[in-house]
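Alright, structures below, take your time with them.
Both complexes below contain subunit A, partnered by subunit B and then by subunit C.
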Partner chain A sequence: MSAGRLHFVVGRLAQVFPVLAALLLIVVLLQQMMPGDPARVIAGPRATAEQVVQVRHELGLDRPIFEQFGRHVSNLLQGDLGTSNRTGIPITTIVGDRIGVTVWLLFGGLLVSTLLAMPAALLMALRPRSRGARICSRALTIIINCPPFWVGLMLASVLALGTGWLPVGGFGVDFGDRVRSMILPSLTIGLAVMPLLARSAAASLSQVLTADHVTTARSLGVSGWPLVRRHLLRNALPPAITLLAIQAAALLFGAVIVEQTFGLPGLGAEMITAASQRDFPVVQALTLIFGLAIIGINLLADLAVALLDPRTTWR
Partner chain B sequence: MTVSPPASGPDVVVKSRASRAKHWTRSAAAWLLALTILAAVFAPLLAPADPGQLTLNQLQPPSADHLLGTDALGRDVLSRLLFALRTDLMLMVFAAGLPMLIGTLIGAVAAYFGGVLDAALRWVADIFQALPVYVLLIALVFVLGPGTQSLLVAFSVLGWVVYARLIRTEVRRVREQEYVSASYLLGLSRTAVLFKHVLPNSLRQSFVYLATDMGMALQGIAVLSFFGLGVKAGTPELGAMVSEAQLYLRSHWWLATFPGITIVILGSSVAALGDRLRDRGEVGR
Partner chain C sequence: MPKCFIDCLKSGDFPMVRIKSVGCVLLALSLLVTGCGGSGGKDGGNKTAEGEVSRDTGTPKRGGSLTILRASDIDGWDLDKAIQLSTFETLPQVMEGLVRPGADGKSIEPGLAESWKLDAKAKTITFTLRPGLTFSNGQPVTSADAAFSVDLWRKGLSLGSLYAAITGTATPDPRTLVIKMNKASTFTLTWLSNGSSIVVPKDFGGMDRKEFFTKPIGAGPFVVASYKPGQQLVLDRNPRYYDAERPYLDRLTYDVVTDPNQQMLRYQSRQADMIEGVPLDLAGQIPENERMPIHPSATIHGVFVNAAKAPGSDVHFRRAVSLAIDRAQYIQAVFGGLAVPATGGLPPRVQGSVGCGCVYDTGVEKAKAELAKSSYKPGTKVELVVDAATPFSTRAGEVVASQLRAIGIDADLQKLEAQVLVDRQMQGNYNLSLGEVSSVSPTVGDIFGLIVATGGLYSGLPMKTISDAFEHLEVAQTDDERAEAVRVAETWIHDNLPYIPMAFPDRLFAVSSKVKGLEVTPFLSYPAHQLWVG
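Entry: the complex of A and B
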């Protein structure tokens, strides 16, 4: 590994620490921002005054904010995310039970959005002035403005309620049922993420298209699919990875929406349910988990680009 | 809010048939937007009934009395739709406009005066950029409780950074232009030059982004309200209307369909206007 790339890897890893600290600080501060007494809210509506005092003491809410911060971090390092104040179940158990569904959905969404975005991106990059590309670009503007929860309902009412082919919601028990119950949610989330992916991919493809080595290849008579496969896609990969990571936030947020719409028992649906039932510890822990996931994905993407592209240097 | 406006393709310089077609659809978008704004502004005059009025005519199909039928509480859907448009349009403008105002002020002052301020802004912006904005939006709106005010606070807290970044780059570019040095020679103070000459010439990118941001704010507001975390219960709002219609999807499909289409029209026409603004800027440069 060259000195420039090594410098990048070290610099990028070091950059993660202030971001992690900021995320933790925000998650702890969320407690302070709640209107009213956080101990009262966390103890739940039926708690007595003594219980509230006890909760306040147990959670260290009567201590200074820096001490709370330290305590939170040390709990996390020991793998303790707290317990739900609605059910009393440890949050680590809830996360373990539900993370599988979210991962299924993310992969489904990734698959659908890539399949939908790539033809559109190729069309817009290779024939930017064609009628097809213009229609495509206009369609993307409209699709991006379709609220995913509404698209989900519309798809469910046409494809599931109308025909009975697919389940309207829920997560099946065996493999076949699970695949079937993932079709509509994956389609919904894929449609939501696809326009951004298509536009970003088209932009990086058309940048690659004007590169010198492509002009040379063209002048040597390479065209069509061999040109795309051998000279374009490979060079478009590093920017595409970066863009994919930027969309990770959108995909995760999409998962929150889609899971709740289709009644899939994943982490996102849990966050919305917890929020609507004022279950603060769960919302807090899930904010942290989603945050860590997004920070981690971005880090991995940057490191992957550094590996793929030998020209990478720090700043 | 973290998404930067995508780069556009080659631009309209020659008036080909295709570019006229492009022009035509975008004016269609402008007309649609104008129509939506008018409908929202004059909602109290246009609405055939009080949007909050409960009646016993529940779940009526569309008829001459109720053009879009009535909902599960017997309220006139057309009236609710018009008032919801008003809510969403207003929230969308402020949920993107307030962050723009805050971010532009912070970014312009930091970039123009430079030094520690600028370094601090860069540091904060780098961290913010890496944070999961959408997830924090849900968490923030949750702790603040439902309502217009907490929506606007949450969008402002999380949204200002992009504008601060955009304006920072532009101010640093404009600051070096000759007419800025000329204003100093004419004896204007640094603050006066910033607000009279530098800022107005640095705003284009921010306005282009504003259009994208308004679309995203609309989506955010609608989805939060759909989950019952956004506007207060009972407020006419498009996402909340879709949510209320969920149970009647099989028998009363139009209840969920029309508010959704309204969101798509509002969002797309604002986005198309933003594209137009961006393209004009590129031709001008």
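Entry: the complex of A and C
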């Protein structure tokens, strides 16, 4: 690896720490900023003011913010995410129960969006004036304007309820059930991010198509799939990876909606429930996990780009 | 004790005590917001005697399983955290209490206790436990376990005040439990049938409280096979249940599905056999013969008033608001006709629901005249806060705002996230809000108690009259005495309007033909051990 790329990798890794610290601070501040008193929620409507104060004390919510921050970080370093205010269950258990669903959904969504976006991008880039490209472009416009919850509802109503081939919701019990139950949610979330991915990849490919090295390759008689594979995709890949990382973040938040729509017991659905019940430890833990996932995905994408593109340097 | 339903937030589900109008949440919620409304249909279930709705007849059969959808999960297994109606409904399925509510919504029936005797003079209730009772782990159930449980109830942070009359217990023998009280509280006896008065092993069977309520053990008809909070609860038949015939089901699964459309899809695709609370908006999607309405439920839907500050502090203003609301129109617009106009400020169809013969009148001109007597200055904004989470509650807010504007009140409709709404209500930072409270026991006393505990549902008005009436209700020995105590409270509510009752809304269960043996009380409790697969 060249010195420039190594410098990039080190610099990018170092950049993670301040972002991480900011994330932790935000997570701790979250409960100060969110409306709604968790102590009141736990104590119940009949509780006296003194009882609410007692609960607040037991939860440590009456401690100075820096003390809460320090304690939070200390617990995290020991792998302790805390326990749910509502159920008393360790948050690691809650996350363990639910993360599988969200991971299935994200991978399914990425797979669907990539499988649909790449052919569309190639068509629009290589045959921009063709009828197929025009249809594709209009279809993308329509899809991008359809809200995911509506798409999910329609898919469930038409493809699942109408035919009985697929479950309308839930996560199933065995592997086969789960694969079947993830088809529609993956399609929903995949369709939500696919248009942007397809258009961006098409634009990137179009740009590469006009590059000198492609003209040279063509003049040497390279065409068809070899041209696409060796000279187009490879050079269009770095921006596509960056976009994919951005899309992964969008997928993560899209998962919140899709999990609700299909009644999937994932982290997104848990986040909504916890927030509505002011279960702050769970909200904090999930915010941290979502934040870490986004930081991690973007870091990996940048490192992948550095690996693929020798021109990458740290500036 | 009441529950509110904020939830209906999304669902209307068992409507949990959501104050949010009705998704989840919280207690406080309990007071807040609204119910679920919409259009809907007619009866599907069979109404029996007075009150309960039951489905089906026929000879029960053993075996099989049912899947029930609910919009909000239980609040956990710890009895003192019970807020949502789903919790009050579910806890006794695993940890049965001494008595349980009858399906008529007013009576109580034997639970773990086969009989009881209230001694008014000695101020005691003596319970005799059934012979041969065991917990699901095989350990015998004794009066010591029951006495330990009574102590838990009394010390509850949230609900303990409802057991205030209890001063102690005695256990003369393993099958006899004597509850001693500082007054001959008939209310206490009835209240013991609510879903949080459950019996647990003494000293939690050697575990600490937190550990025990993670994997609870009881003497109810079911045992917990698995529980994933917020997702699914699976109950299996308790082979050691005292009734050898019951429960009929081998397995009962509760799936928590918050999205009402997803609920409907699962029900229609037969992934589920029943929905505990269908948003009234979606009633039309349920085949008529699969609807089981609870008409009306033991719920009060109304406008909560901040009487601690102007203009709500002026009784003329409160009366003007009450007169401005055309209840028939409101019920049609908000509940699709699935409600009845409120005839009192306490829930209907439970023990002590007698009303007061008062009339909550309506009329624009009368309202304008009453408003003219008040200190309200035209043009002054009056904040009307509603839960933003559901189309139902926001629609209800729009209807009320429109009716208030028609008499000259400048209603400022604010759609808030449920917790924000609760916070503002508790801090007195509002003028008017829409909300509901529901009974969770066969007595009007639990709502009574809530009104006292919350200062008239956060109105800020002194509750001396209500508090005194509650004391009379507590010790009422006859229906007449009970009715008299309730009339005093109802009359005071009517005259002073700490909140403005508008409707007693229906609740709706969707029940497939597979579900048999279902009987639902007005406060939405149903004994699951009676269910069987048709």
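To be clear about the criterion, the second predicted complex is superposed on the first by the 280 of 315 C-alpha atoms of A that agree within 3 Å, B and C clash if a C-alpha of one lies under 4 Å from a C-alpha of the other, contacts with A are read in each partner's own complex, and residues count from 1 in each chain.
Everything below uses one rule, namely that contacts are C-beta pairs under 8 Å (C-beta built on N, C-alpha and C of every residue); 3 or more make two chains touch, one makes a residue touch a chain.
Quantities reported herein were computed from a predicted structural model and do not represent experimental measurements.
Trainee: If you stack the two complexes on chain A, which partner ends up touching A:265: first (subunit B), second (subunit C), both, or neither?
Mentor: Only subunit C; A:265 stays clear of subunit B.
Trainee: Looking at A:169, would you say it contacts subunit B, subunit C, both, or neither? Reply first, second, both or neither.
Mentor: A:169 sits against subunit C, while subunit B stays out of touch.
Trainee: Between subunit B and subunit C, whom does A:61 touch in the aligned arrangement: first, second, both, or neither?
Mentor: Touch status of A:61: no partner.
Trainee: Does the superposition put A:94 against subunit B (first), subunit C (second), both, or neither?
Mentor: second
Trainee: Now for A:9: first (subunit B), second (subunit C), both, or neither, which partner does it touch?
Mentor: neither
Trainee: Would you check which partner chain A:276 touches, where first means subunit B only, second means subunit C only, and both and neither mean what they say?
Mentor: Both partners, subunit B and subunit C.
Trainee: Quick check on the superposed pair: does A:157 touch subunit B, subunit C, both, or neither? Answer first, second, both or neither.
Mentor: In the superposed model, A:157 contacts both subunit B and subunit C.
Trainee: When the two structures are overlaid on chain A, which partner does A:142 contact: first (subunit B), second (subunit C), both, or neither?
Mentor: A:142: touches subunit B, not subunit C.
Trainee: On the A-aligned overlay, A:84 touches which partner chain: subunit B = first, subunit C = second, or both, or neither?
Mentor: Touch partner of A:84: subunit C, not subunit B.
Trainee: Which chain, subunit B or subunit C, ends up touching more residues of subunit A in the combined arrangement?
Mentor: Subunit A has more residues touched by B than by the other partner.
Trainee: I'd like to check the shared interface: which positions of subunit A are touched by both subunit B and subunit C across the two complexes?
Mentor: Subunit A residues touching both partners: 34-35, 153, 156-157, 161, 260, 272, 276.
Trainee: Report the residues of subunit A in contact with subunit B in the complex, numbered from low to high.
Mentor: 15, 18-19, 22-23, 26-27, 30-31, 33-35, 124, 128-129, 131, 133-134, 137-138, 141-142, 144-151, 153-154, 156-157, 161, 196, 199-200, 202-203, 206, 246, 249-250, 252-253, 256-257, 260, 271-272, 275-276, 280, 283-284, 286-287, 290-291, 293-295, 298
Trainee: Can you check the complex and tell me which residues of subunit C touch subunit A?
Mentor: Within the complex, subunit C touches subunit A at residues 1, 4, 9, 20, 23-31, 73, 75-76, 78, 80-81, 83, 157-159, 161, 210, 213-214, 228-232, 255, 257-259, 261-263, 265-266, 268-269, 271, 417-420, 422-423, 426, 449-450, 453-454.
Trainee: Spell out the residues on subunit B that touch subunit A in their complex, using ranges where they run on.
Mentor: Listed in rising order, the residues are 2-3, 6-7, 9-10, 18, 21-22, 25, 123, 126-128, 130-136, 138-140, 142-145, 215, 218-219, 222-223, 226-229, 239, 242-243, 246, 249-250, 253, 256-257, 259-260, 263-264, 266-268, 271-272, 275.
Trainee: In the complex, go through subunit A and note every residue touching subunit C.
Mentor: Against subunit C, subunit A makes touches at 34-37, 40-47, 51, 55, 84, 86-89, 94, 97-98, 153, 156-157, 160-161, 164, 167-170, 260-263, 265, 269-270, 272-273, 276-278.
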